[in-house]
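Take a look at the structures listed below.
Shared chain: chain A. Partners: chain B in the first complex, chain C in the second.
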Partner chain A sequence: MRISAKTLHENLVSYLFLSPILLFFIVFMLIPLAWTIYLSFFAGGILQGLRFAGINNFLTLFRNRIFLTSLRVTGIYVVIIIPVVIAISLFLAVLVVDRHIRGKNVFKVALFFPNLAPMVVLAVLWYFIIHPEIGMFNIVLRSLKISPPNWLGSSSYALAAIILLELWRGVGFYMVIYIAALIAIPNELYEAAIIDGAMGFRRLTRITLPLIRPTLLFTLVMATIWNFQFFDSVFVLTRGGPANSTSSVVWYIYANAFQYDKLGFASTMAVVLMVIILILSLLQFKFLRSDFYY
Partner chain B sequence: MVDLWSAQYAFAGQFADLGSAGYATQVKDGYPELLWAIPFINGHQYGIPFAADPRMFFYNKDIFDKAGLSYPTDAWTWDSFLEQAKKITTKEHFGFVLPSTYAGRGYLDYFTWLWNNGGEVLNEKMTEARINSPEAVGALEYVLKMFREGIVPPHGLYDNVSQEDFFMRGGAASANMRGITIATIRNDFPNLKWGLVRPPKGKKAQYGLGSWGFYALAEKCPNKAQAWEWLKYITSKDITVRYVGAVGMYPARKDTGLYADDPERQVFLKNMPYAKNIFIHPKGEEIFQVWWTEMELAIMGKKNAQQASNDAAKAVNQLLQE
Partner chain C sequence: MHLHNRTGGKQSQQGFWEKASKKVIIKKLVIYLFLSVVSLSCIYPFLFMFSTSLKATMNIFSSPMELIPAKPTLENYAYLFRTLPILRWISNSFIVAAAVTLVKIVIDSMAGYTFARRIFFLKNLIFVLILGTLMIPAAVTLIPSFLIIKRLKLLNTYWGLIIPPLSFPLGVFLLRQYMSTIPYELEDAARIDGCSAFDIYARLFFPLSAPAITVLTIFTFMQQWISLLWPVIVTSSTEMNTLTVGVARLKAESSGVNWGLIMSANTISLLPIIIVFLFLQRYFIEGMTAGSLKG
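Presenting the complex of A and B:
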């Protein structure tokens, strides 16, 4: 089929407009990705030099105790934070969208506010909030006659401290997305449901959740991608300690690449992490995707 | 300028050997032998020592006065330190602050206790772990006692630097702090009455932590002769006095006359010969990480001192063999 000059011209104009972002994508995403995959077959680092190691890095990776610990820590973190942050955000969004709630704009701003600050700032603030001696959190716990934990000094609580920090930050972001999805649902559907005698929970499960399913899928996939890569809070608060109890995979990648001069090994871990996230995202799309209309 | 954390550069041959290039002998006599040896790594003179930020024990005179205890002296021992710290610990302040987090290099303070009991992380050739020797285990047991008896804040609260703030605000009666802190105390806490003392005498030694930095020349530098002239200039007496004096660090050169009128800083200078450095190894960062993980498990009560030390030695030896 011959392409007309007009179509060709239109296509070229489209690519011209797309070229800046395409260039950005190639230079800052595609090339680094390809380079990381290439480096994953090498041992060594920037200072000591790189030597070809074949698949040796991949074979030794799953015998590396600290990597396995990091994988476990990341897994625990993700399994807890994703459902909790989505559930809380959705709950808050439903509350805030309710016409009968007064002052909801204040709540919206207060809940979204942590999202505006860089994670480094939030982490430093959080350190003072959970400080065992002077932290507001522990003062409240003591007033409730609950013995406050030494959050960052205990391998049992340090990860919980990081999860709570990420919750505090993440809830506002997802809530805003859910608010947008909720207000797009036609009100007539709820009115019809009320006329038919459907109570609140039934309206939630039969109208709200099915109609925001695409948004739920989007947030689930984004939450999976982002939370598998948690790093900032670990870097500021714990550096993977105490005793590797908060060592995320990305933290261990960073330590290998920039502290231990093992760029090859770090690249191997990065590739493995990418594959894990890719598989999970594809599974989410396969099993959770559906188009639902009334 | 290079510090101890740049060992990888030295071992990767990124620095020029000033000895074989004929540069080092031009300035060597201006430095004490002990300090000149610091940038001598792997058989090569990789730099010129420049400045240091050594540590000594600071003590809060007001807290000691309130407790009715006499101030510590250089003759104090581990036993008298522990006894004094127990007596002085109250709800308002601890007897001592021992940073213990991996974050912020809290483990640096531990070396004083390790060395002074005769322990080391590695053997002299740095080919094998020594962290589970009886001396090293003894040091760990002593440190664990400090946590168990409650004379130091709980684990995980303070690092290398935040412990200084804690001391200056009256949180602890004593702390092992950097010389550079003197400037902060004078500027920000002028009412704090404080004194200086060497670390408590251990069974084998009475070292403090050194923390030296040195200047090196890049091996790939195409104009080494000119770069060397620049290096000589920035490590000359005048520049050393101006730069080191301005930031409150301590000079490596013998002839600066710096702090001649400052009795407190003179104490630091006088104790330079006892300021030991941590080992320099290309896998140093990784060794600290695996070693301190086990020490933290002991501090948190998840392992006893011997178990933690044995596991640390195993992990370090595994690293050394890779």
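Presenting the complex of A and C:
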């Protein structure tokens, strides 16, 4: 096969254009990826030194109580937060785009506002709001004759507090995405539906939901990937406690790698986390793809 | 039935509209009320944060619900600026976020143009590889990235904070999608005028992609501004902390003791973004949700 000088030149120029991103991509994405998989077969860490352990890490991992707990914690968190946050934000979006409602932008900005703050700042603020003595949320609950739990001090409520925090942030975030999708639906469809006598709920299930289905599924995939990695709120609020009740997988990876110096074991968990997320997103994308055309 | 209806037709129709409009008004009121309550509960904590930052510690405990402080004071802010390098943290965060954003814009747009318009060896394989890593959790590359940065002796430096995030390839994908929609005729005309490949990228594709680049700018900047996990691992001295790390450590060290101080730090750390947001609101919302919109 002969390669003409022109083709060679074209290739050279293309790779010159790509070289900076490829450099960073290879050094800080591909190599780390391979390295993590490699490390997952080793025991030990930086200080103790690494020893080859074969598949031992993987075997002990699934007998490790705390890792299993962190899988459960992450699972509960994801399974609760995703349907709740998507349902509430979609509901709010439907209300806000209603053509009778004025001041759309005020509601939109107010609900989106928490997203301007880093999760750290939100978490610190949340910590203050649910403070056992002076927390405003608890004072409100008490005035409603509900005795508030000691949120972060109790192993049954700490995760709930973290879920509520993410709800506060997430509702506005997904809402603005749904608003954008809802606005794109042509008004004629609704007018036609009104002439056909379709009332509110039917319009929602027959027009709105099917038309924003791609957006819904896409946010579902993204929300799953992100929420599976929740860390910041745990880092600020509970550091995995009490009694590991908020130890998310990423938190436990962080703690093993950078606090207990168990790099190998942490890498094994990272590989498992990656496999779980890949399987979940592949499954969701399978549904998503078949829904792109309707 | 039919006949009966026809006789009283006009009247009953009027009644119907009156009832309907009354129903619409009530419905509207309920919606407004509901949206206002939800919006207010989203915003109220921030107002409260600001008001707490203006209270003396004693008053925070004696009247915790008070929104407008009876005796506002700036002593928390004075103490904050005196004892903590919060301005340093803000400028650290700003330097890192701005540097990552600038570099990303240049290298992602170059790659975006190349994938959108150029033909080269292994093009599809490389693109699929880049796209595939979008799904990979940050925790997976964390440990080796740390080891590499450590070996390069860049721990606790700006370089160490800036370089690893440059590998995140969402922008390549975003810009490739956008640049694919730019008409071929423009490119052909430029080529006939004797423009080189670099000219076509720099003087045609880059400026024409301004909307997508704006989205990428805000997305990348905010992504870095709020990031915690990587800065926590890389920085070890107080001076090198980014804002998120500084605030998190401040909370860990003085939690439950000095709420006025913590809330004033929180307020200061929100301020720069709020100011930018006021000017660039529309772009902001679009940019921050870019990761979840399909290309």
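In the analysis below, the second predicted complex is superposed on the first by the 261 of 294 C-alpha atoms of A that agree within 3 Å, B and C clash if a C-alpha of one lies under 4 Å from a C-alpha of the other, contacts with A are read in each partner's own complex, and residues count from 1 in each chain.
Following the convention adopted for this analysis, a residue touches a chain if its C-beta (ideal position, glycine included) is under 8 Å from a C-beta of that chain, and two chains touch if they have at least 3 such contacts.
Nothing here was measured: the structure is a model prediction, and the numbers come from that model.
Contact with both chain B and chain C is seen for A:His131 once the two complexes are overlaid on the shared chain. Shared-chain residue A:Asn244: touches chain B; no touch with chain C. In the superposition on chain A, A:Leu278 contacts chain C only, with no contact to chain B.
Considering which of chain B and chain C touches more of chain A, the answer is C. Residues 131, 133 of chain A touch chain B in one complex and chain C in the other. On the chain A side of its complex with chain C, the touching residues are 10-11, 13-15, 17-18, 20-22, 24-25, 27-33, 35-36, 39, 92, 95-96, 98, 100-101, 106-121, 124-129, 131, 133-136, 139, 168, 171-173, 176-177, 180, 214-215, 218-219, 222-223, 225, 228-229, 231-232, 235-236, 249-250, 253-254, 257-258, 263, 266-267, 270-271, 273-274, 277-278, 281. By the touch rule above, chain C contacts chain A in their complex via residues 24, 28, 31-32, 34-36, 38-40, 42-43, 45-46, 48-49, 52, 60-61, 64-65, 106-108, 110-111, 113-114, 118-121, 123, 126, 129-130, 133, 135-148, 163-164, 166-169, 172, 197, 201, 225-229, 232-233, 243-244, 247-248, 251-252, 255-256, 259, 262-263, 266, 269-270, 273-274, 277, 281, 284-285, 288-289, 291-294. Those residues of chain B that touch chain A in the shared complex are 8-9, 11-12, 14, 101-104, 153-157, 282-283, 285-286, 289-290, 292-294, 296-297, 300, 302. Across the complex, chain B is touched by residues 45, 47-49, 66, 131-133, 150-155, 158, 237-244, 255, 259-261 of chain A.
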